[in-house]
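Scroll down for the structure; my scribbles are underneath it.
To keep things simple, chains are lettered A, B, C, D, E and F as they appear, and every chain counts its residues starting from 1.
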Amino acid sequence: DFLNALHEIIPAFGASTDDLERCRLNGIVECGGRHEHIFKRTMLLAEQVKVSRGSPLVTCLLEGPSGSGKTAMSATVGIGSDFPYVKIVSAETMIGLSESTKCAQIVKVFEDAYRSPLSIIILDDIERLLEYVAIGPRFSNLISQTLLVLLKRLPPKGKKILVIGTTSELNFLDSVGLQDAFSVTYNVPTLKTEDAKKVLEQLNVFAEEDIDSAAEALNDMPIKKIYMVIEMAAQGEEGGGAEAIYSGKEKIKLMHFYDCLQDVIRY
Amino acid sequence: DFLNALHEIIPAFGASTDDLERCRLNGIVECGGRHEHIFKRTMLLAEQVKVSRGSPLVTCLLEGPSGSGKTAMSATVGIGSDFPYVKIVSAETMIGLSESTKCAQIVKVFEDAYRSPLSIIILDDIERLLEYVAIGPRFSNLISQTLLVLLKRLPPKGKKILVIGTTSELNFLDSVGLQDAFSVTYNVPTLKTEDAKKVLEQLNVFAEEDIDSAAEALNDMPIKKIYMVIEMAAQGEEGGGAEAIYSGKEKIKLMHFYDCLQDVIRY
Amino acid sequence: DFLNALHEIIPAFGASTDDLERCRLNGIVECGGRHEHIFKRTMLLAEQVKVSRGSPLVTCLLEGPSGSGKTAMSATVGIGSDFPYVKIVSAETMIGLSESTKCAQIVKVFEDAYRSPLSIIILDDIERLLEYVAIGPRFSNLISQTLLVLLKRLPPKGKKILVIGTTSELNFLDSVGLQDAFSVTYNVPTLKTEDAKKVLEQLNVFAEEDIDSAAEALNDMPIKKIYMVIEMAAQGEEGGGAEAIYSGKEKIKLMHFYDCLQDVIRY
Amino acid sequence: DFLNALHEIIPAFGASTDDLERCRLNGIVECGGRHEHIFKRTMLLAEQVKVSRGSPLVTCLLEGPSGSGKTAMSATVGIGSDFPYVKIVSAETMIGLSESTKCAQIVKVFEDAYRSPLSIIILDDIERLLEYVAIGPRFSNLISQTLLVLLKRLPPKGKKILVIGTTSELNFLDSVGLQDAFSVTYNVPTLKTEDAKKVLEQLNVFAEEDIDSAAEALNDMPIKKIYMVIEMAAQGEEGGGAEAIYSGKEKIKLMHFYDCLQDVIRY
Amino acid sequence: DFLNALHEIIPAFGASTDDLERCRLNGIVECGGRHEHIFKRTMLLAEQVKVSRGSPLVTCLLEGPSGSGKTAMSATVGIGSDFPYVKIVSAETMIGLSESTKCAQIVKVFEDAYRSPLSIIILDDIERLLEYVAIGPRFSNLISQTLLVLLKRLPPKGKKILVIGTTSELNFLDSVGLQDAFSVTYNVPTLKTEDAKKVLEQLNVFAEEDIDSAAEALNDMPIKKIYMVIEMAAQGEEGGGAEAIYSGKEKIKLMHFYDCLQDVIRY
Amino acid sequence: DFLNALHEIIPAFGASTDDLERCRLNGIVECGGRHEHIFKRTMLLAEQVKVSRGSPLVTCLLEGPSGSGKTAMSATVGIGSDFPYVKIVSAETMIGLSESTKCAQIVKVFEDAYRSPLSIIILDDIERLLEYVAIGPRFSNLISQTLLVLLKRLPPKGKKILVIGTTSELNFLDSVGLQDAFSVTYNVPTLKTEDAKKVLEQLNVFAEEDIDSAAEALNDMPIKKIYMVIEMAAQGEEGGGAEAIYSGKEKIKLMHFYDCLQDVIRY
């Protein structure tokens, strides 16, 4: 299964494993069948690229609500593949750069990949790469045109590339034609009560009798936000309670947990 | 409680206490349970950041009508924390600068924070940092993209940051995706009659029998505007009355007070 | 009263009295209770600034139809105060300058004021400073952001400032958030029949029996336009009649006066 | 009357009479009471400026359909006045210049005028000076702001100016606030049948019995277009007939005249 | 008539006859009364300009669907006139130039014309000169303002100019005020069945019994497109048939002709 | 027929056959009558250009859904013609270039063609050349104007050009006037069940009894996407199955094929 698969992978030569590891700061826990399915399929695409003769370029988009685990999943595929070149393209390293400089850096990553027999390029948070904002809407057409061409341009003979994109603004990507530019799109969802329950069991911070209630309250929440609420709740009402919780000496109080949930959910 | 908490705090090393103090020119008076609650919760977030291992970046937004006390509250948290790096980012020090220079200065504040083990960054009046104006609407997308990335980018290993934002344009922040970029949002409200009454009692400028009427007239007014009306009223109809009022020799005349209230309320 | 108050004021040291005087080319005549009230209140604000400790910055907006006397009134407050620094900021001296140069000049006026213990800054015709035009609408956001910050930024310790703004586009100022940036707003109105009558009596250019009819025809007209119509009418139908009228030898013919009124009123 | 008035005027010293004369290439013929009235009134404004003490700046707008005679009328006032400085500001001499250069040239004309005791400035075709186009709409806000300020800015002490503007886009001028910036506005109309008849009688190109029919066909046409149709018709159906018509040997054939009218009228 | 007229004209001195000739690559065939009428009228305008004293500038617009013969007609007038300066202004020679360079080149053509006693300037495809595109819509306002002024500006004393414009976007020209800037507008239409029949008879590529059916199928088609369809059809279904058709050995097969027509007509 | 035709063609001197070959990475298989018809007609246009005297420039647009085979078809015509100059203009070689540089490169291709007696220019993915994005919509008007002129401008005497454009955004091309700028437009469709069946038979990856069901599932899919799904399916559920399929040892499992189809079809 998904978690076992993770243990079998050996860090690929040339991949900046460190950068990829930072994309899953809370590690990878089992969190439901859908996540597992998408991971498996994306790993298959990597294999397809490797063996294919007719399609040296395969592109795949992971979309879903903020915090649902898209970036962590892409990073895990990158780490899990044995491709010599794995690179994440993120707005974080391009703050304040001009459109054309960003554009050049993105092209550079592809040009580098063209020199490796097998490559994975992760275009993380594409809406952020495109400087998208809903008002207007505004975005960099220079970068969007660049991606539209790069997602279609074949690598040189003998080179093969898998491109994984992530986004939480699928509608926007669709309206600029970027969704259609990907061969496949997968929806990474929030967790349902049963998925949340599995996660809580693994984290072991609630009393056994509280787990069901807590999981139910977390229904439809993205995995990343679950981590946030639990950290807030672990502090306790007056602060200072975190150590006792994480060491397992105490459990999170359900009432205080509900309280923290209030703050995090948009009213 | 809130006021007591304030007395226990020792100015943090490295924090520019002077700048923070100017943010609460009229001091901090007790002004109702909601203000107290928000202050306490924000102090807890500071503690959470300190002890957390999984989330080295916590972000919190204080929103509410103009003059409701958001900036003063943030400054008080900054002063009250024992974080070695506390910095307020405000449009006041960036008048007339180009978007990209502003952007660079904001990034600089974060880069500085990345060098301190514990930091608080106050993004004051975010709509002003973004040069927002309702007509159009217009705003700096360069700065908004920068904030969107900075509010998500993790500090280097071992460094931790609490970001506090303030705004009186929540709808705008929402529509550019900035509200969602904060982990938690708190609404800092205007004062209700009973809150206003407490404030008036502390200020002691009305005759005892007038306090209830005055407080009622101030219902739903932000704390900052209350100070303004009282200063206007203290002058008296023909001017020159302020000293007598503040020294306690005379009291503000209710009729004249109502008159001044008229001028200040938007007709 | 208003006119007497004017006689008691001594030109302030440092104020460019000449510039201020040119703002009221037709002098100041008594023109109704509302004008008098606003003048008095604005003088009180000047006093409040002087004695206040808690609010070293007070801001006041005079708004009303074109020609209603806003600029003349502000200038009169500036002349009437005994503040050492009184400065009028007007688009007239910044024709053709770039947005950023205008912006710098405005900031400069505030920086200068920060060096004087007591200052009055008149922001005249704010819509013109902002290069506002209704089509679009268009305006300089650079300047509007600058004003939004300047109207909130506290002067250095020990310095105090009264800012008076004037505008005939209140709705526009409101929609860019500039009205809310002022502590107080006063509406300077057109003249009613009875106010117009007082003005006509002071000017003495109509036969006694015609004054009521003339005043009635002038109902709801701004003071500045009244001066224009009377000058046109004083010429007489064939020209050359002005001297006789102003020397008091002849009176303006009512019929010709109505005729001129037609030309001036928008059809 | 209007035409006699014209004969009494002596070209003013300093006025570039040549430029003004080219503005009325077809001369000035009597063309109805309304034209005469406006001319007289505008001449009176020139006199008012001369004798006034209170209003050293008077501004007047001539508006009306294309070709109705606005420019020719302004030029005639300029020639008819005895003002030492008369200047026409027109887009013709500023083709292809940048907004700011145009702006500077306009300001220059006013600065020059400020050095003459008495000046007339004609702002011809203001919509063209503003580079106005209905689609959008678009126009130069730099120039419109410049005009808005110049139309309000008082000349230095002792100097006096009459500004005459012309436009066929009154609605546009109104929507950018430029109409309100003028003290007076006059509508220069097309010709009615009876006015056209007068003009035809003066031109003497129709047989006596055709004049009424021809004049009726010309009802509601601007004076400039009347000249165009008559020239076309004078050619005759096969060309070559113009000389015979103008020398009076032949008359224009009514049928051919109707034909030409068709071509000129918008279908 | 029209064709005879063409034979009487002698190439004018100074006119770049070569450029003009390339504008009518398929020659000029008789194609209906309307075309003939417009040609005659435009020739009359050239004569009017020559003899006129009052209107040294006459402007005429030829508008109609794409391919209806506007450019060929203008060129024919230019060739047919005996004016020493005939110049065609076209986007073809200005590809990729900046707006202001294009603008300068257009102005240059007029300035050159001002040095010749008699000139014809053809502004070909005005929407293309203006870089017009329906989306937006967008166009060069710099060039449109330039044309608006040039179409009104009188040449120097003693010089005379006829300006012929062509366009297939009359609505656009109208909405930027350019149609009104022309004295006269003529609509150059598509061919009706009877006009098409005349053309087919002159070309002699159909069997006599097929001409009526072919002409009917061509109803409402512009002349230029008729040439295109006939060339396609002349190839024959399997190619290689053109020579036989044009040498008169074979005739176009009606069925294949209908087929080609399908491809050319927008479905 | 279509495939036979392909075998008769000899690579033209000067054509960069390599570039053209890369445009049909999966080769050319027989895929239905419509594709065959369009190919034949476009080849005829090439012949027409060669023999024509009256129309030295013929332009033809291939439009249809993404992946329907437009680029491969154009390349095949280029390879199949015996024209000495065949050039493909594509956004792929112009990533990140400025509008004006792109524009210059496009013009350069035409200028080069003007030096060859017979040329084919393929404008591939015109919406991408124009940097079109549906939001706004936005696109480069500079490039669109350039194409509008180039598609109409005649080559020098004796030179002849066939321009083939491809697009999957016909509506956009229509709204900027580019569709009308082409003489002929052909729609390249998706495959119907029967066409898909033919393709599957040629590929030989399904068991005989599954071909009908598979073909039906592929109804209305573009040829390029069919190749993608088959490659995905060939991997098998657990990966590693591709070699067995392509070597003919195994066949694709229908159920897994349906599964892959799900991922590729937009939900």
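The rule is simple: a residue touches a chain if its C-beta (ideal position, glycine included) is under 8 Å from a C-beta of that chain, and two chains touch if they have at least 3 such contacts.
Small disclaimer: the values here were computed from a predicted structure and weren't measured.
> Chains in contact with chain C and with chain E: which ones?
Expected: D.
> Taking only the C-alpha atoms, how many degrees of rotation bring chain B onto chain E, rounded to the nearest 5?
180
> From chain B, which chain is the farthest off, judged by mean CA positions?
In terms of C-alpha centroids, the chain at the greatest distance from chain B is E.
> Could you tell me the distance, in whole angstrom, between the mean C-alpha positions of chain A and chain D?
70
> Averaged over CA atoms, how far is the centre of chain E from the centre of chain F? Could you give it in whole Å?
The separation of the two C-alpha centroids amounts to 35 Å.
> What is the distance in Å between the mean C-alpha positions of chain A and chain E?
Chain centroid spacing, chain A to chain E, equals 61 Å.
> If you start at chain B and step next to chain C, which chains follow, in turn, all the way round the ring?
B, C, D, E, F, A
> Can you list the chain F residues touching chain A in their complex?
Where chain F meets chain A, its residues are 22, 25-26, 66, 91-92, 95-96, 128, 131, 133-135, 138, 227-228, 231-232, 235, 239-240, 242-243, 263-264, 266.
> Name, in rising order, each residue of chain A that touches chain F in their complex.
Residues 41, 43-45, 47-48, 51-52, 54-55, 100, 103-104, 107, 137, 139, 141-142, 144-146, 148-150, 152-154, 175-177, 179-180, 183-186.
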